[in-house]
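As written, the chains take the letters A, B, C, D, E and F, and residue 1 is the first residue of each chain.
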């Protein structure tokens, strides 16, 4: 009995030292450059470390026949401070995840179903494209333009992870055409004809 | 034509500036604390960014009815410097990935098939256990003891990623019983009886 | 006199630029992944950079005949953001600091008194053990299982530092046996007999 | 005299401790994820810390009426390991630095001459554009599409710095149109008509 | 029309994933070791990324005939979390930026006007001095003593950037003589005569 | 027997995944910004993680009546990549460790014997001084000027650690007076009289 008391007192003394094994995000508080403030450890539950938002395929009934479902820190607070985040890609036949970058993270993609042609372009403008089958993994270095496209006739899906809890996602066409960046500036900085810019702005809901 | 020449000369000038979008590992060279030296960009090919070692399930005909197949930088040189690595878990019925830690990385696990009961223990000795179904994701904070166990009657599998190209893997029983750490030291530092230690050393191939 | 005024105005202008030489923790505020918010510099005093909690040896009248006294950021707020923390080990004769890891930091140990046998096990299951005398230093890489044991007949002590203000401390036996992790899960993931698990749970105050 | 000898011996003892204040790149050796191996300190000269390549304006007699002159680690080895690099922008009247990203760094731009309209687009597709005069500074967050355009009638110039010795530079049009990425893939992933893609490939020297 | 709706719903889904491209500082909130909490993205405006405080030369009518105008995060909140900050140096004829260090960052200096002799001293006590003309760049490694001095007969100016939003600035003479550090401690730790210390304390407003 | 074979094959498979728990420096190879290349794990021995160079007090028979004995990566290769290094301070009666900085690391000091008055000056020129007794710890933020002085009548000693394997050490007087930095530059940048500079250059072995 004394033994237990000794041990428990030791346990108590030692456990006061333990901090920040994890830092589940308090999304109601202002972010910092290193992530969100943590909720208090006493309020953390096992389910805070689990995310179920990628179980169901995303809705691919849209113009790109594809969907990106994010599991970043904003959706999955247990990732805060862990240097990782997740997403699910679904590509119906002919589905395309258009050219995009993640400004804040590298990515690994694991093919779940179907066949996916994926590629990226380096700073030296070299092209690295591969067609992947289920179980294959591809890595996309941070910040480089890349894309994924369904390479088969059936639905394809992939699970992706990023080297940051908050990788960002900049989709090229949305960045250029789905906002109020003036047509003349888009045209001047992309070599596209103003008419082409205006047409795509029309499709994507941009103005200016 | 002149236009093209101007552009190409511009292109040339600019591309000399581009470096280290990626750093595919030269595994024949000595590692550094930040990873391996890079192979020269001119020798890098698209397939260097793809890993096929996780396509086939690992062999689970063993005492733990399970297998861990790593896709770390040593197997997948394209991960070098990208802050990410991968692995595949296969668990036959009754399969167990025993208690282990990754000293150098946090982990996210995505269930591919079956049901998996996974858990970790914090520095404060709190236990976080959940049973996961396909498509669910769980995060395991860096360096903490954790495990995965088949929670169903059919085979289970998972794809895992880590926040480092070189996360390490320390399996508790192998660390304690599969080497020449003297039985008396193991016993003294774990509170296990010497007979228990010796028996497990026998099973796991340890000496001393 | 004018000279002083010029200088002081210069001084004033320049000092407005100086920030965050240090960030003494405000422990009442929620932590972030990078540490605690800082108290305002105007409230910082010299004593905030000093910690006296390691002056007195820890109480070794317990089952392990040893004590760990932490000087982490939670005890020593001046460490916040400095990438360092401290602790003191006291080992009575036969004292043992049991197998443990620091999930978030590497460690250096400096022997103050007595003789200490210390060791760690690598991911490759190699064992690195040495017996140290006063003034010798040993480094323990991040996240690996390690231990310290009194190697002499008199009391031993050591000062240790860590490469993080919040290194964490996971003591193997407490992680396995001092909580409510079900006996069957512990047994399945450690290869220990359920009876052995239950006995140690009894000693260490665990349930399940 | 004895005093000097004592001091010098002290000096010698202490200086053996000093390492890696700097790490001037040995560009002939293979890069690592953290930069190039260092040349030996004894071979380092004051001029290794100076770069003169930005003194002269770049040649703007080209299709964009502009030039980017890099002073990255490949041009300025003293930057290795310092977390900084440099460049000079020159924009003749009507000059444009087209849409581009730096995958590995944030940027600050200081206007030297003329007027520059600069902007970037966020992951949320918001547009941040400003017209800057000499002495004004603008910051561009890492990895986001941005551009600079001459906003006046005379030549403009800027000095820019990056938060990495090797920031990378991906120019959108070159990434899409100046390589062998097949027209159908470019069209599918950008929503541009194949004819538009082919035309720009023609102008920029791409194939496929 | 349906097309646009699909796209917009896609756009909405994706944009919820985007976070922390930037983190404009909320200077009213307590700093953390990684910087200030961010203001909410919805309140961020283009002008938050622009700093105009370096347009006007600093006032050099003072004892050093020089001025340092900082554009650190405290003056330019858009730098928060970007790993960069800025300053402007102005040196009238005979102007001197006295010996100083930046404890938290490396520096690059770009000469705008005039001639500047700049130098630093390494840990090994080696001296690296160069005289720079407009357009030349010099890098100063983190934490080392360095200085800048007008090398010509006309006014000189430079734009400098740092590898941290909060680099700090410790001016040697102010650190030694412009506070209440007792004369005897200054003398004992610098080898300066107490009379010399007292005289400089007098000039610089120090006491003790 | 079969069981053992299964286990050993598992062990073999898993251990191929383990890398870079540690990276003992190969000091014969060129350093990188992240440290030295590693020696091969197979050549690493337990003694590589132990340093005995701090057992013996440094020789204090010199002008400062004190000694700094470094245990940085150059002396203790096992520290490579661990983010920590060590040193020992010895102060005879009246001993002084003069004003100095560590450009690359924060420091914690643990008093072993005697009484030590230690202090640092912040970027805001505030002074933080404390007199410490054995067992007390003080932290010195990165890059700031600090000193230690024997506060008692007997010998004093301290064990210090740094938040980098290669912290650097810039001793103010040596940086100013023990090299060939011209007297006029020293005088101009420190406000010291040329005669004072020349005298100290004489004492410390400087020229110019």
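Definition applied: a residue touches a chain if its C-beta (ideal position, glycine included) is under 8 Å from a C-beta of that chain, and two chains touch if they have at least 3 such contacts.
The model shown is predicted, which means the values in this text are computed figures rather than measured ones.
Visitor: Going by the contact rule set out at the top, which chains touch both chain D and chain F?
Guide: Looking at chain F and chain D together, the chains touching each of them are B, E.
Visitor: Going by the stated contact rule, which chains contact chain A and chain B alike?
Guide: Chains in contact with chain A as well as chain B: C, D.
Visitor: Of the pairs A-B, B-D or C-F, which one shares over half of its contact pairs with D-F?
Guide: When the contact pairs of D-F are compared with those in A-B, B-D or C-F, B-D matches.
Visitor: With chain centres taken as the means of their Cα atoms, state the distance from chain D to chain E in Å.
Guide: 21
Visitor: CA centre of chain B versus CA centre of chain E: separation in Å?
Guide: Chain centres of chain B and chain E, defined by C-alpha means, are spaced 42 Å apart.
Visitor: Roughly how many whole angstrom separate the Cα centroids of chain E and chain F?
Guide: A distance of 26 Å separates the two centres.
Visitor: What parts of chain B, by residue number, touch at least two of the other chains?
Guide: 11, 17-19, 21, 29, 32-34, 103-104, 119, 122-123, 125-127, 129, 141-144, 168-171, 174, 178, 203-204, in rising order.
Visitor: Just spell out which pairs of chains touch, all of them.
Guide: Applying the touch criterion to every chain pair yields A-B, A-C, A-D, A-E, B-C, B-D, B-F, C-E, C-F, D-E, D-F, E-F.
Visitor: In the complex of these two chains, what residues of chain B are touching chain C?
Guide: For chain B paired with chain C, touching residues are 96-99, 101-104, 117, 119, 121-123, 125-127, 129, 141-145, 147, 149, 168-176, 178-181, 185, 188-193, 196, 200, 203-204.
Visitor: What residues of chain B sit close enough to touch chain A in their complex?
Guide: So the residues of chain B in touch with chain A come to 11, 15, 17-19, 21-22, 41, 44-47, 49-52, 54-56, 71, 76, 78-79, 82-84, 86, 88, 105-108, 110, 112, 119-120, 122-130, 132-144, 159, 161-163.
Visitor: Across the complex, what residues on chain D touch chain F?
Guide: Residues 3-4, 6-11, 13-14, 16-21, 23, 26, 29, 32-40, 80-81.
Visitor: Could you list, by residue number, the parts of chain E that touch chain C in their complex?
Guide: Against chain C, the touching part of chain E is residues 29-34, 58, 61-64, 67-70, 72-75, 87, 103-104, 166, 168-171, 174, 178, 203-205.
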